[in-house]
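Structures follow.
After this come two complexes, each holding chain A, first together with chain B and then together with chain C.
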Partner chain A sequence: MNRGLYVLFRKELADHFRSKRFMIIMLIVAATCLAGVYSAGLGIRGAVAKDTGEFVFLRLFTSSGGSLPSFATFISFLGPLVGLSMGFDAINGERNGRTLSRLLAQPIHRDAVINAKFLAGLSILTLMILTLCLAVAGFGIILTGIPPTWEEVARMLIFMVLTIVYIALWLAVSQLFSLLFRQTATSALACIALWLFFVVFVSLFAGIIADGLYPVTDQSPADTVVKNYNLKHNLNRLSPTLLYDEAVVTMLNPGIRSLGLVLTSQVEGAIPGTLPFGQSLLLVWPHVTGMIAATMICFAISYVCFMKQEIRA
Partner chain B sequence: MKHLPAVKRLGLLLVMFTLLVWVLTGGNQAFAANGLTLSTSYPGLTVKPGETVRFTLEIENSGLPSQGIRLVTRSLPEGWNSEFQGGGREVHQVFVKRGETETVTYQVEIPAQAEEGTYQIQVGAQGSGAMDTLTLELQVSKKAQLASKLLAQYPELQGPSTAVFVFKADLINNSSQEQSYSLSAATPPGWSVVFKPSYENKQIASLSLEAGKSQGLEIEVSPPSNVKAGEYRIPVRAVSAAETVETELTVIITGNYELKLSTPNGLLSFSATAGQEKAVTLEVVNTGSADLKDVKFSSWAPTNWTVTFEPDQIPVLAAGESQEIKAYVQPDSKALAGDYVVQMTARAPEASSQAEFRVSVKTSTLWGLVGLAIILALAAGLYRIFKVYGRR
Partner chain C sequence: MAGDIIIRTENLTKCYGDFKAVDELNLAIRKGEVFGLLGPNGAGKTTTILMLLGLTEPTRGRAWINGHDCTRNPLVVKSFVSYLPDNVGFYEDLTGRENLRFTGRLNGLEGEALEERIDFLARRVGLSGAIDNQVGTYSRGMRQRLGIADILVKDPQVVILDEPTLGIDPQGIEELLQLIKELSVTDGRTVVISSHLLHQMQKICDRVGIFVQGRLLASGPLDSLWEQVSGQQGQLLELAVEPDNPQLREILGRLPDVEEIQQEQALYILKLKKDIRRELAGVLAKQGYTVLHLRMRQGDLDDIYRLYFQQEGVA
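On to the complex of A and B.
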């Protein structure tokens, strides 16, 4: 069984690397992200001189220089595209090319096909994120001349893991869609629709629902305002994009102590400072858990669907 | 007529009697009919050995022509010195005009080893055709000798424990000879006393004074740094071979009240988990010089935090003593991760001290474990799906 999985995994990897689609996506992501980092890097020198110089290395990922968004923003926006582009035609593409039945005629287990496809996608995006982040890190060391501290390295590693999980979630979603829709174009459209919904529209809907349930006017009691805000925020958190953004900001900016609404009583007596690594991780742990869980659930559904589907030649 | 001569005779007798009485009662103020009189106001003096005394002699010329009068010492005890002085110099003649009086100072030096007893000195004034002699009597008594003195200008000074007390004092040698005094002070342990001559920055341990001279001294007294409030007496002595003079200086230390709140190792930061009590050991030290009573503890902490002290009150904290107390800090269960400030205050009626703590709040790892459990449960579910649906 493992041998069959391995063969298919190698084949999938080779397919990805040779496909023009992958090259295009990779180029888009690499070019935009590196451009963002470069423009941020130009501003970093001034920041090093002006500020205390704490966590300068991490600022390379989060600060936006000039007109270009930061590296983290680009990844949060384009990352889903990478995942979706790799998975939207995983199964229905094979089916339409009439290669699936031929594939399953081979002496391999049926689950090896879907496992290999997911694992190959995961490997590709891991490789991609690793390459990009290491490139940024190297660029940062050259630019600032300051080697990162161990805490910065740890925070960067968590950032990479978060990014991989985030993109893997979109990969799992697109694989599920490739199973649910027979036509590749349909699944591609569905993927993009979902992506747009979570990136752009979810916050609009969250606002409408929250305002409908807890209307806020000038005279509203504080209680209603808090409820309105909390509902809106929690609805927004249904979007993996917001989860990812919050988690990344917390990990890359140690000064962030809380996400969401902070009451005055909580701020009283607080001293501005940075959180230790463990506390930052604890703060975003629900986000990490949520994203990993969503990925696993998506994959489990597509696994069950695939195993139950009729494969007709 | 017969009566008249009798009256005349009686009158003559009266005059003669008066003259006789005048002559007899004239005493040592020898009356010279020719009008030269040598006199002084106090011809008898009690003196001490080694002293120098001065007599003011008055020479009166009544009826004689103006002339120079020779002054002589007719007799003087052996070993004594004397001289006539006038106009700041030694003189042996004085010119007295007719009917006028001149004054001359007669100085007698009594030797230090003079025995007790009564001594007589005879001085004479010799004019042309007239002379007078005056006997001066000196009673030498050792009792008349005055003791040396050590006098402080202000023998009591008051100030805080950090002050240096400077007493101004005069050491007077009232004896008849030069003396060397060694200076000392009996101090409580930890005190220091330094003797300095006035207006000189020298520390001296002894000094020598000529007879009759005095020396200004500055006596600097420094209390130890941990001195308690109260009154301290410091006897100061100047001891010479012949005598001991002593004076007592008093220093009144006014108590100062100081309190310091810290931790035994001085660390003013600790970490605590949100919603969980954390014990911190504090140390309160009475750094003042007076005892503090009713030291109470209070705190300022963010809303919904609780800080309790064990014990929450110290009845008496003696000067220089320290005591450890426990503070139990419980952050708000909704406190954000990160640093907060908590102020703790130890307060006595007279003094207070505040310590500011930086509390690093950590959030509970409970939800982290819950998240991990969710992921593990999902992994187990996925594994079960593999088992159920796999291998087709």
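On to the complex of A and C.
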């Protein structure tokens, strides 16, 4: 019964591996990320000599040495592009190539097509993230000479899972667009538009809306300032990019104890220190579930659309 | 072999909103025959085919192939029915062999047996030399032949072809029709072809069904089809003469067996009680007319087609 799924999955994997598009994207991401890590590594070497900071290994991912952004920043910016590039022509490409009806005339379940495409994309990006992160880890160890502790390894693993879920969300979005739009160019543009919107414009809109509802001036009461901030923050959280950024920062930087606004009264009496692994995980749990839910909703919509769509062009 | 019904539909109907693409279709196709679905574009041929394969759900009615319900059991049906869509597409950056291999794997073939089958089919459709080239380099005719090989990979009992000869040069069409005929004669497969090209269908079909606006107007062997039509119609004679002047109509009207005279551009269409070609030629010659064209409408699919369109007021 699952023969169709397996054969399709294998073909999709092969297609990704041999496509020039995938090579290009992979090269861009790998080059920028490794450059970021290299400059971060150089910075850390100087810093380690001065203070005996904890979690030096994790700083490879988050610290931005010199002029280049950090590895995590690069991934949060370029990751969507990876997902989008893998899925934007998933279905309409087959349709335009007139291979879809031939494919579906074979004795396979119709959902095998869309499942195989998503699973193949997911496997590819898992492989990609695994490779990149391990490369960064190895590179970092050589560069700094400090081996990671078990907690750091665990945090790095969670970071990988987060990244995979984040990119899978974009993959699901692009597959959905490939179903909704008949032309591959249209779906590609729609994907890029959405990406730009969430990466760049959401924060602008959130600011405008929050300032409109709760205008903040120098004389504003603390209450309004808090409301303004919370609204802005929550609107921003509609963007998976912010969710991902928050979750990553929390996981990779144990010094972060809460997300969002903290009042002085709340910090009073707190003992400075780092969060244990479990507590960091607890803090980002809503982010992870939110992103997984969004991915699943996107995939479910595509699934239903695909099952209902007419086959003929 | 022939005689058993292999494909059967019962009041098969497909509506898109208010538009009825297929309307109460009752079809019976026998094992081993070549059946032609004839009709103009948009007559519902492709929709019917998609319903037979379970790719589109009928609004009403049912269809069976070999006793399997096409809507409820599409996987079983698709395991012994092959479909060549019109204007078939392949993965352009893969070779012909890789494309066939993919189809074979989807049908559960693997390894040595699959490679042998691909070689055999490539020889059969005359693509041995090009099977390892990328499909992107293929000509239209080669693609269509690769399509034939593709549908034969699973060794199907029933083959459904949608407009297989579209856009192919005359030489290619001859070869393709020959290939299709072989599927039925040599291999004993049931072949269903949809087309709007009458002459080609006439060459290879055992029986045809005529589709107009979602309805099957007539079906049967070609000769009986004409009888079905001409039964209530009388005989139609096409006539063109020179000079084409107003007196001609009078002369024709005076002939005893002419029931009705119509004009289609330069042609006069005479509805006759019996064949009067001999007398007519004599009369016209005596009056100084030169006969340019004189032909009874019968048997030819073109004529059947035209007659139906006149009845329907479509043409």
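A few notes on this one:
We adopt the following convention: the second predicted complex is superposed on the first by the 312 of 313 C-alpha atoms of A that agree within 3 Å, B and C clash if a C-alpha of one lies under 4 Å from a C-alpha of the other, contacts with A are read in each partner's own complex, and residues count from 1 in each chain.
The criterion applied here is as follows: a residue touches a chain if its C-beta (ideal position, glycine included) is under 8 Å from a C-beta of that chain, and two chains touch if they have at least 3 such contacts.
All values reported here derive from a predicted model rather than from experimental measurement.
With chain A as the common reference for superposition, the partners chain B and chain C occupy compatible, non-clashing space.
Using CA centres, the angle subtended at chain A by chain B and chain C is 160 degrees, rounded to a multiple of 10. Of the two partner chains placed by superposition, A:E151 touches none, neither chain B nor chain C.
Look at A:V7: by the touch rule set out above, it reaches chain C but stays clear of chain B. When the two structures are aligned on the shared chain, A:H109 is found in touch with chain B and with chain C.
By the touch criterion stated above, A:R98 is placed in contact with chain C alone, chain B being left untouched.
Of the two partner chains placed by the overlay, only chain B lies in contact with A:M296; chain C stays clear of it. Residue by residue along chain A, chain B and chain C are tallied for touches, and B comes out ahead.
When both complexes are overlaid on chain A, the residue A:E54 reaches neither chain B nor chain C.
Between chain B and chain C in the chain A overlay, the least Cα distance found is 7 Å. Common to the chain B and chain C interfaces on chain A are residues 109. Across the interface of their complex, chain A is touched by residues 46-47, 50, 53, 55-56, 75-76, 78-79, 82-85, 87-93, 102-103, 105-108, 150, 154 of chain C.
Listed in rising order, the residues of chain A touching chain C in the complex are 3-4, 7-8, 11, 18, 97-99, 101-109, 310-312.
Within the complex formed with chain A, the chain B residues making contact are 300-305, 332, 334-342, 358, 360, 362-363, 365, 367-368, 371-372, 374-375, 378-379, 381-382, 385-386, 389-392. Listing the residues of chain A that touch chain B in their complex gives 1, 109-111, 257-258, 262-263, 265-273, 275-276, 278-279, 282-283, 285-286, 288-289, 292-293, 296-297, 299-300, 303-304, 307-308.
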